[in-house]
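This is the structure I have questions about; it appears just below.
The chains carry the letters A, B and C, assigned in the order they are written, with residues numbered from 1 in each.
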Amino acid sequence: MVLDMILALPLLGGAGFVAWRNQAAGWIAVAVNGVALALGVWVAIRAVGNAPLSGAEGLLRADALSAFMVVVIGTIALLASWIGVRTMAVEVAGGRCTPRRATTYGVLVQAFVAAMLLAVLAANVGVLWVAVEATTIITVFLVGHRRTRGALEASWKYLVICSVGIALAFFGTVLVYLCALHAGGHSASALDWTSLMARARHLDPSVLRLGFALIVLGYGTKVGLVPLHSWLPDAHSQAPAPVSALMSGVLLTVAFYAILRFKAVTDAALGPGFSRTLLVVVALASLAVAASLLLTQRDYKRMLAYHSIEHMGLIALGAAAGIPLAIAGVLLHIFGHGLAKSVLFLTSGEIMAAEGTSRIDGVHALLARRPTLGGVFGIGLVALLGLPPFSLFSSELLMARAEFQAGLGWAAVVALVAMVVIFVAVVGHARHMLLGAPSTPETLAPPPAWVATPLVMGLIACGLIGIFAWPLSGLLEAAAHVVTP
Amino acid sequence: MSSAYSSTLTLAAGAVLICAVVVLWVTSTRSMLIVVATQGTALGCVAMTLGVHVGDAGLIATAAVELAVKGLAIPVLIDRAAGGALDRERRPLVNVPASLVASAALIVLAFTAARGVATFVGATSGALVPVGVATLLVGFLVLVSRRRPIFQMVGLLLVDNGIALVAFLCTAGVPFLIEVGVSLDVLLAVVVLMVLAQRLRSEFGDLDLDELRELHD
Amino acid sequence: MTSAWPAPSVVAVSVLQVLGVVVGGPLLVGLMRKVRCRLEGRVGPPVHQPLLDLRKLARRERTRPDRASWIFSVVPVVLVATTLVIALVAPLLSTDPAFGWSADLFALIYLMLIGSVVLALGALDTGTAFGGMGASRAMTIGALSEPALLVAVLALSIPAHSSNVPTIVARSLAHPAWLATPQRLLSLVAFLIVIVAESGRLPVDNPSTHLELTMIHEAMILEYAGADLALIKLGESMRLIVLLALFADLFVPWGIATAPGVGHVVVGVVAIGAKVAALGVALAAFEVAVAKLRLFRVPELLAGAFVLAVLAVISALVVP
């Protein structure tokens, strides 16, 4: 029942946009997303140490891992819909968007959130697939919202590449289903997560190996892992800021959640060796690509997008280690990255609206000229680069420790080298954007407090969970045990 | 009876693959649409044959959904997207003879690569699994070698049909609920692509996709 | 299996085949020309006109380009000789011709290929621009059509477990169900495309063109005259009829003589004559209906035939 409500609430918010068609609808959406988050927190608290909740006649199921993802999605959705009110108001006022398109935007964002929630709450990996594919279709219009040439190009690339990827993931799912049927599964329930786990030991190894490889490749497309990552910087840089925040902050990790689920099945059937090799390869390749492209980046939204590829690589590497400690680190990283990255994308939307450009060399002396925006952007980058006291520092530390324990120390060292390169690159770009003296003494109005507050709150949350992991530690531990033996 | 079953299945599955190859061959949108519709119908026939053979009502319903979506709705939608324009693939990145020969290589590759799954599934349907894989690979070839928006849409459809064929042959289709979700997603993806293709045309005029150069590093 | 037949009658059948090919070839060309003319609303020359042309040409003086070597003069002879060998051993009238054991499909195809290659060599030998152009075009087409034909034939020989043509024909007569299998249909289409390309017919090449730039085949024989030209024309018409007859026997084998006796052979003659004539008429009608393909579409057609042939082999291997 609670799960049904969590799913229905964002849709209700979407209906609000159709009913009212004004800024009030935006606030209603923020409110329902807030309620959904509260429910998610309740589910999460309940999920620790209890049997999984289920809903919608067994189609939905929330164990600790799902509950954790619901909390992450709820948090970022709350942030993004809050800033979304501002973004649309600015766009409509500036004549870049009609009220009608603003309505469509609101409905689609809420549908997008609902699809992600469905993906993590689905009891059945087939439904999971349908939900992830649905996120692609919904977000295409959001990416193309601005209808510029760049936005059109990005949405075309995004849809074609992700559809191919997701089709491969379906192929992988079919192969897993085939194994499950041969292992005695009943056709209606063979793709259920519990039934798959129960039969994992009897799944045919060679077919499962092929299936899992396809799943990593397929869902990896949506995660933004090499080799099918090329859509990501385009889509993330062209979408409106709140959509970028949602896509980069949670959509990527929702797709990674799918890989985590299948990895648990595969590890139970084949032992951890196969999935480890596969994930280490894609993780290191993604890190290398992100590092090399970040060095020469000239656009700050694209810079953030490539930074997402880097973090997805780190998460994949953590997952490769596979022990509970590593998975806990991965999940903490998912949360921290979601918070920091969405705050940064939302801020970058504000910067872009104020400065009129997304080029790094078009923005100067932000700290002096726009202290609030510049400060949030700067601190967000500090968080994203994994510096203490933010949670990404703790999670990276956790993952590195786990990697050394699991015998992947060499990979952790390689990742560290890539991170140093990225650190240098990002600091170089950020210095150009943030520091320096303003060339013209201009007085600029800071963003209103209701816009700045959620951004600052997001960063504070990111810092708090870094310092005090205690409200999360029980949940993280329980969630990690869901996908580790 | 069982021989009629296996030959119908073989014929329908073979038609799916041949349609994929023919997509590489044709350059005009009109004839390509006929091929796409034929392929969708053949795919529906595969599902229908399997459904009748196994006596599974869910699979027969799935087949009906496939026939309606892939045999009818999607070709009609693509036709709308083409807008009656005489949209030809004039300069594919890989010319037609080369891509045909490449498709022959891909087909052989598919039959070698999918042998494991084929023997695992067994029986006639197992022997036909590589046909689906081959269709998938040919779809990839269309995707990377064609530059018109419509042709890329069709490439995507080929990939999808290939996987659907494998799904039918391997497992007699995924459960009905999921199948409906999958078909709906595919249909929506085509609708979205169609809308995008129209916007691309109104924004850029008549273009090849590799002329999109706004975004790069 | 030959023991029941007395050798002389077998030899007689083979001789009949050779005679039929030699006389039937020009007649087939005449028939096709007639059909074309009729379809285009003209009366056209009589069916036996090509035979008269050959007689006329044979009486004329043979000329040779100054720079041509001996290759130029042996080309017509080799062309006719290879086709005669095929006519002798292939199962055109009966499934048991003399030397039928040597009628391997691959051997037959390579005999055909020898003909094509010497023609191109002869064209190159003259050193003229048109000859070279025709030869290079013919070889471009051959490079695609030969693999297609080989693979298509492979698909036929897999279910018969033999590449011996008389055996394949006899076995497919015994198992009519084979004729409707996918691999048969695929290789049939591939075979048909290759026949059209190999025999220098439309839509690949237009044998009645007089514009050198569009020529493929005709450009190669521009320098021949007199008896040489007569031999080449005869050789070409023989190649066409042999290809059509082989095609007919492989895909529509009914009517071919499977047992000794005058009655069977007569039925065989009538059947093969009717089949070849029907194919020739169909080919001619097709020529009228289809405009000549632009030269760069030709490789596409042949590459398509190649893919179909590959599919045929795969389905022959995979589908029992």
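The rule is simple: contacts are C-beta pairs under 8 Å (C-beta built on N, C-alpha and C of every residue); 3 or more make two chains touch, one makes a residue touch a chain.
As the structure is a prediction and not an experimental result, all values here were calculated from the model.
When the partners of chain B are compared with those of chain C, no chain appears in both lists.
Each chain gets a centre from the mean of its Cα atoms; the one farthest from the centre of chain C is A.
When every chain is reduced to the mean of its C-alpha atoms, the one closest to the centre of the whole protein set is B. Between the CA-based centres of chain B and chain C the separation comes to 37 Å, rounded to the whole angstrom. Separating the CA-averaged centres of chain A and chain B is a span of 31 Å. In this assembly, the C-alpha centroid of chain A lies 66 Å from the C-alpha centroid of chain C.
Listed for chain B are no residues, as none touches two or more other chains.
Residues 144, 181-182, 186, 299-300, 302-304, 306-308, 310-311, 314-315, 318-320 of chain C are the ones touching chain B in the complex. Taken in their complex, chain B has these residues touching chain A: 116-117, 120-121, 136, 140, 143, 149, 152, 156, 159-160, 163, 166-167, 170-172, 174-175, 177-178, 181-182, 184-185, 188-189, 192-193, 196, 199-200, 203-204, 209, 212, 214-215, 217. On the chain B side of its complex with chain C, the touching residues are 7, 10-11, 14, 17-18, 21, 25, 96-98, 100-101, 103-104, 107-108, 111, 127-128, 130. Only residues 124, 126-127, 129-130, 133-134, 136-137, 140-141, 144, 147, 149-150, 152-157, 159-160, 163-164, 167-168, 170-171, 173-175, 177-178, 181-182, 187-188, 191, 204, 206-207, 210, 233-234, 237-238, 293, 296-297, 302 of chain A touch chain B when the two sit together in their complex.
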